[in-house]
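Should a chain be cited, it is by its letter among A, B, C and D, assigned in written order, with residues numbered from 1 in that chain.
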Amino acid sequence: MTDLSYDKSLHLKELIPQSEIDEIDCWIKKYPNDRKRPPIMPALKVVQENNGNYLTTEMMQAVAEYLDVPHVAVYEVATFYSMFNLDKMGRHVLSVCTNLSCSLRGADKVVEHLQNRLNIKLGETTKDGLFSIKEVECMAACGGAPMLEVDKIYHENLTEEKIDQILSEMAAKDLPTQEDK
Amino acid sequence: MKKFKQFVNSFLLVELLKGLMVTGRHMFSPKVTIQYPEEKTPQSPRFRGIHALRSYPNGEERCIACKLCEAVCPAAAITIDAGVRESDGSRRTTKYEIDLFKCIFCGFCEESCPVDSIVETRVFEYHFEEQGAQILTKEKLLEIGLIHEEQLAQDIEADAKYR
Amino acid sequence: MGKVNIEIDGKQLTADVGSMIIEVADEADIYIPRFCYHKKLSVAANCRMCMVDVSSLPKAVPACATPVADGMVIQTQSDRAIDAQKSVMEFLLINHPLDCPVCDQGGECELQDLSVGYGEDVSRYVEGKRVVKDKNLGPLISTDMTRCIHCTRCVRFGQEVVGIRELGATGRGEHIEIGTYIESTMDSEVSANIIDLCPVGALTAKPSRYKARAWELRESPSIAPHDCLGSNVNIHHRRGEIIRVVPRENESINEVWLSDRDRFSYQALTEGKRLLKPKIKKNGTWQETDWQTALNFAVAEMKRIIGVSKGEEFGTIVGNNSTLEESFLIQKLIRGTGCNNIDFRTRRRDFSKDQYSGVRAGFNFPLQDLDTMDATLLIAGDIRHEQPLAALRVRKSTGFGRAMAINPFDGEYNFRLYQEIQPEPHLLAQEFACVLAAAAQKQPDKINAEIKDWIEGITFTEQHAIIVDELINGEQSCILMGVYVQEHPQAEVVNWIAEQVARLTDSKWGYMTQGCNAAGNKMAGAVPNQSEFGGRATPGKNAKQMLTEGLKGYLIHNCEPDVESLWADQALANLQNAECVIALTSYEDGRVSDYSTVMLPIAGSYETSGTYVNVEGRWQSFSAAVPAPGESRPAWKVLRVLGNLLDTSGFDYESSVQIRDELKEKQENSRDKKESRKTPPELHAASEEETKRDSLGLYMVDPMVRRANALQQTSKASTHPISISRVTT
Amino acid sequence: MAEIEHYTLNFGPQHPAAHGVLRMILEMDGEVIERADPHIGLLHRGTEKLAEIKPYNQSIGYMDRLDYVSMMCNEHAYVLAIEKLLQIKVPKRAQYIRVMFAEVTRILNHLMWLGAHGLDVGAMTMFLYCFRDREPLMDAYEAVSGTRMHATYFRPGGVYRDLPDSMPQYDKSPWRNEKKLKSLNENRQGSLLDFLWDYTEIFPACVDEYEALLTENRIWKQRLVGIGVVSPERAFQLGMTGPMLRGSGVAWDLRKKQPYDCYAELDFDIPVGRNGDCYDRYLVRVEEMRQSNRIIRQCIEWLRENPGPVMVDDHKITPPKRADVRENMESLIHHFKHFTEGYCVPAGEAYAAVEHPKGEFGIYLLSDGANKPYRLKIRAPGFAHMAAMNEMAKGHMLADVVAIIGTMDVVFGEIDR
């Protein structure tokens, strides 16, 4: 397979510090030798955290090369899971579930409200770089639909008021940090 | 008595006179014939005459070479060659021919066409002057379509609710 | 394996423990609808179409992923099953675009069939449909990814069968897409099989795009003419034009697959510049003429040159892909005129065993056994590109067995090698000899004095010993020599070593050959030292001599020695300098019109009837699928008439079947002479110069493939698969 | 006395009284027919074989062309046979439409027959009147199907399209003033049903006219009475059906004996003859026209009251609505498959017969479960009648042969098929 955009010289070791490589190696050791795909997820996580919350194509390819798996296997993992971001994201990623249960319980209204509040569209980031909204598939919280996830916390049974509250809490949390800058 | 009556009737040519009365009456009733070709009998919007290929108002041919008409034609009168059109990569016919000697005017082609491209017009008066002229080529069909487009659109519109 | 009793739709069946419901149902001819399940691929169970009702379970279950259990009562037509099927069908169609009229799959689409057979007849879905961007997968496969139903057959094919994962399923839920993620083409040599696998119109063949509907096509069985496996194909043609070539299932040869080369080479016939009329070159310009004139001209020239030189100055080169019948006729014809220079092996350097050679085919075991080899030793070959489908079989065996290679070149393998030795090309035989030495040491009771002498002084390393161990320990093992071996100056030495190693390690052995009919050509006697079936013949010049020495006249049949022979440059010069070159060719482009004096148009593959003998020695006859264009005629007919005009006797055949039957009879009557060479060949270093030359590329092997446009546009066309040696360059 | 050989006369196939392409070898003793030997096959088109290579629906158009003066009746038998195999129930409205047009067809056929028979026997005027009265019915044909003859209108599962709400009208022309045009278009103001209703109002009077011209006419009677007498027993034995059988006094009508579609719900009578001669058969046919008129009127009344579907709502068998085809996937797929492959019919056999204007017209279908018939056999009434030619003509004069051919109402489309 010829990856036209792929630069063979790009190695994972050049992209992230040795300490991170060690962490990935540590994950690799946890799985049997002939099982190469399980470490993809932890490896991507390490790389993403190192890169400011998103992954580039080069990084995914470098991970694939490092783990000796087909490139596409890494793309599959990276695109499947909502915690991997493929574009530069805001500080807080609001992942709104629009899958069946949430949709039935009014996920489209949640999305609409968020879009109006933040004045951005799905998949975009606010100008101040604080928030991004992302549409995700089921996050297994159908019992509390509609739901969204932000900073690894699930917020369930959303109403417009609740969303406003979450947003203002987030913004408040960040204010000092912004001032620090 | 019956026999006598019969004899009288027969002798007086009653039944013949009755018949003559019928024909006589018709001498004075209005004519039922029309002055063809200046005058024509009415045609329903469903009329199935000679074929045409329709185009969109912007001049783009409707036919997408799906070949349903070719498949459904009971008389195998339609021949289509298809291919990728160079200019935009769309699916188009490179050849679309209807052999009118084979065609039985069943209307299945029109019925099967998903884009209302192949239609049957109201034209039933046509003739051929030489061998091979009975084959309607794509160009001829498109031309017929252009000439009758207004009528065709009307007819399809009129019949749309029944189909 | 244990057996269980189950019941499907009231039919009592016995099944193996562990088999899936769908397998048992298929065996019993009970059809269960499916999209993702394919007998040659792993079970994915992601289309959910094959839902059946199992009495003991509370919900309908997928038949492809539910193993049978004793006493299971399965219903495929119960309300619950039908409900499930209908729901799945509705779900699949929700995002399917309204493309049927413009979709090439229309009419042979599994989605259509199952929708009509198992789905509702009206949709309840009114919302917008999703759209997926098309991928560019190269010149062979055209995509319409919006139509994809995510059965992942194509993904699994790449992963499991080919071993090269090019496609993947990225995204999740509504955002799932099949593709390469990063724009890239599919380059595997068997990539187009995903066209057959795709149950919908997402992946279709680009060369035949929009050309025909399934219901217009006529199907004729035939044999693919590009590699020595003789893959079984069906030619789909319409009004005398080949529209596509698809695999014909044959478990013992090509299973259900087909290489891209076999699949798309037909383009040469339909789009190549075909020679439609006989042509004679007069004063440097070509003139079209009729058959009579052209044949008379050719005959007069042949008679003149053969007469003057007593046959010494006339040579006949037979193409690799000539049918058995053609080769037989041409050698009979040439020998009948008193000329003995005939050969088809334009890619052979080692003629040392010519006078002893028998007519055995390359393999002494069935091709199918490659699947189950515990150990496979590959000698110098690029099996992936030379015999793509054989590579799939070797790959299958590596699931449990081990593959090893002694290959002077950078091999591209689609399976893992357990051991790899990379000698310099000219030292191939020497390297292999070490294996023999190792084998001899391991099996001292099996060797004779001769071998003992022969391996005297040869040392071997640990690696050689491991290879031998594998071959010995494997319950089934084989040594497989690539096409390159037969091109090597020490081909006979390598062959001999292979035979000895195989004997010592109790393995099977075989060699791959160039073209589709090498075994047949040899049987037919298109070699300088023997006539049909090893019959006695006055020795003549071999291909190398004919092409490098320069003769006055040539008869070339269905080949282009200036491209495909090992001495292409010399061949070109000599052909140009010859007084007369009679070319039997299907195409008029290329240099053939430059150097030939008369061109006789012959039918291409699929346009003629004949027989190919594959590498296992399997005779596969076929008849013409489509008529030859213009005035071109099947070559056997041309040769038959030439035979009559040359006043040679025995040319009264009326059909190719008649020729084949005669040959079959001859084969039965001739006892394949045991290869009589007793003394082992001498082992000496070959010259570096002679071993350097590149092999033909994947899509360069014969005149037909070279003219197949789509194949020539692939990235594989420009590269020579065996090109650089890490050592020599 | 010198022995005199019978004179052999070749009658047809280009004779105007041969009703198409009948060729008869007549052996005559003077002018008396000793033996009549009909030769058939000049119009053979292999319809039965053609049907075997086409999906079911594609043969509907070929049914029209069997008895080409009673087009829809042929279609009727064919679609009934398919429906029998498919085991589907046709919507009531479709049944009424089909019955109405079957009766329209009967009138069309009988008018054609009457005109031609009259012409054969010497009553020129009849031909003109009959053709005049056929015209509105042809217009009705055209209004529903788009063609005046080969309608291809009946479909397995119903009929192609519902009856139109309006009738096409005459255009202005230099030949007619406003008033004349208005009177021409007078009966075309409403729907097709109104148009037909109008016709049924007038038609009985027309039949009276025909009768005034013929029934008591001495020449007509001289030519028909006592000609081609068939006893009821012989009629049975010869396989006669329809007016040929009823003319001999047997009250046998499939519409009554094995009612199909909605005939059971309609009120009509079966006329029968007494003597089994040409004249009785004439009387039977004339009365049948009156009965058909009655049936049509009942159908129109029912159809006016009961709108509804005219096609089975199962798109596995019938094509989906056109508007749906452009909008939903299932419909598009079913449309595509319907017009390319058609539908598969369960394996089995079926015989469906209708009371065709000429007699019992039957379609025997054998299906092997595929999308085209394994075998199709057409039972053409004319064929059995033709076989009685020799018996009916024997002993009659040459001129009577023409009357006998006429009374059989033969059409070679169905006999030769």
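General observations
We take it that contacts are C-beta pairs under 8 Å (C-beta built on N, C-alpha and C of every residue); 3 or more make two chains touch, one makes a residue touch a chain.
Being a predicted model, the structure only gives us computed values, none of them experimental.
Chain pairs B-C and C-D differ in how many C-beta pairs are in contact, and the one with more is C-D.
One finds 55 Å separating the Cα centroids of subunit B and subunit C. As a whole-number value, the distance joining the C-alpha centres of subunit A and subunit B reads 65 Å.
Separating the centre of subunit A from that of subunit C, both taken as means of CA atoms, is a distance of 47 Å.
The multi-chain contact residues of subunit D, meaning those touching 2 or more other chains, are 326, 332, 336, 340.
Those residues of subunit B in touch with two or more other chains are numbered 66, 68, 71, 114. In subunit C, 100-101, 106-107, 213, 215 are the positions where the chain touches two or more neighbouring chains simultaneously.
Contact topology of the protein chains: irregular, matching none of line, ring, star or complete. Note for the complex: subunit B touches subunit C at residues 64-68, 70-71, 82-84, 90-92, 114-115. Residues 54, 57-62, 65, 125, 132, 135, 139, 142-147, 150, 152, 160-162, 164, 167-171, 173-176, 180, 188, 209, 212-214, 216-218, 319, 321-323, 325-326, 332, 335-336, 339-340 of subunit D are the ones touching subunit B in the complex. Taken in their complex, subunit C has these residues touching subunit D: 90, 93-94, 96-98, 100-101, 106-107, 111-113, 115-116, 119-123, 125-126, 213, 215. The touching residues of subunit C, counted against subunit A in their complex, run 159, 164-175, 180-187, 715. Listing the residues of subunit A that touch subunit C in their complex gives 1-6, 57, 70-73, 75-76, 79-82, 99, 137-138.
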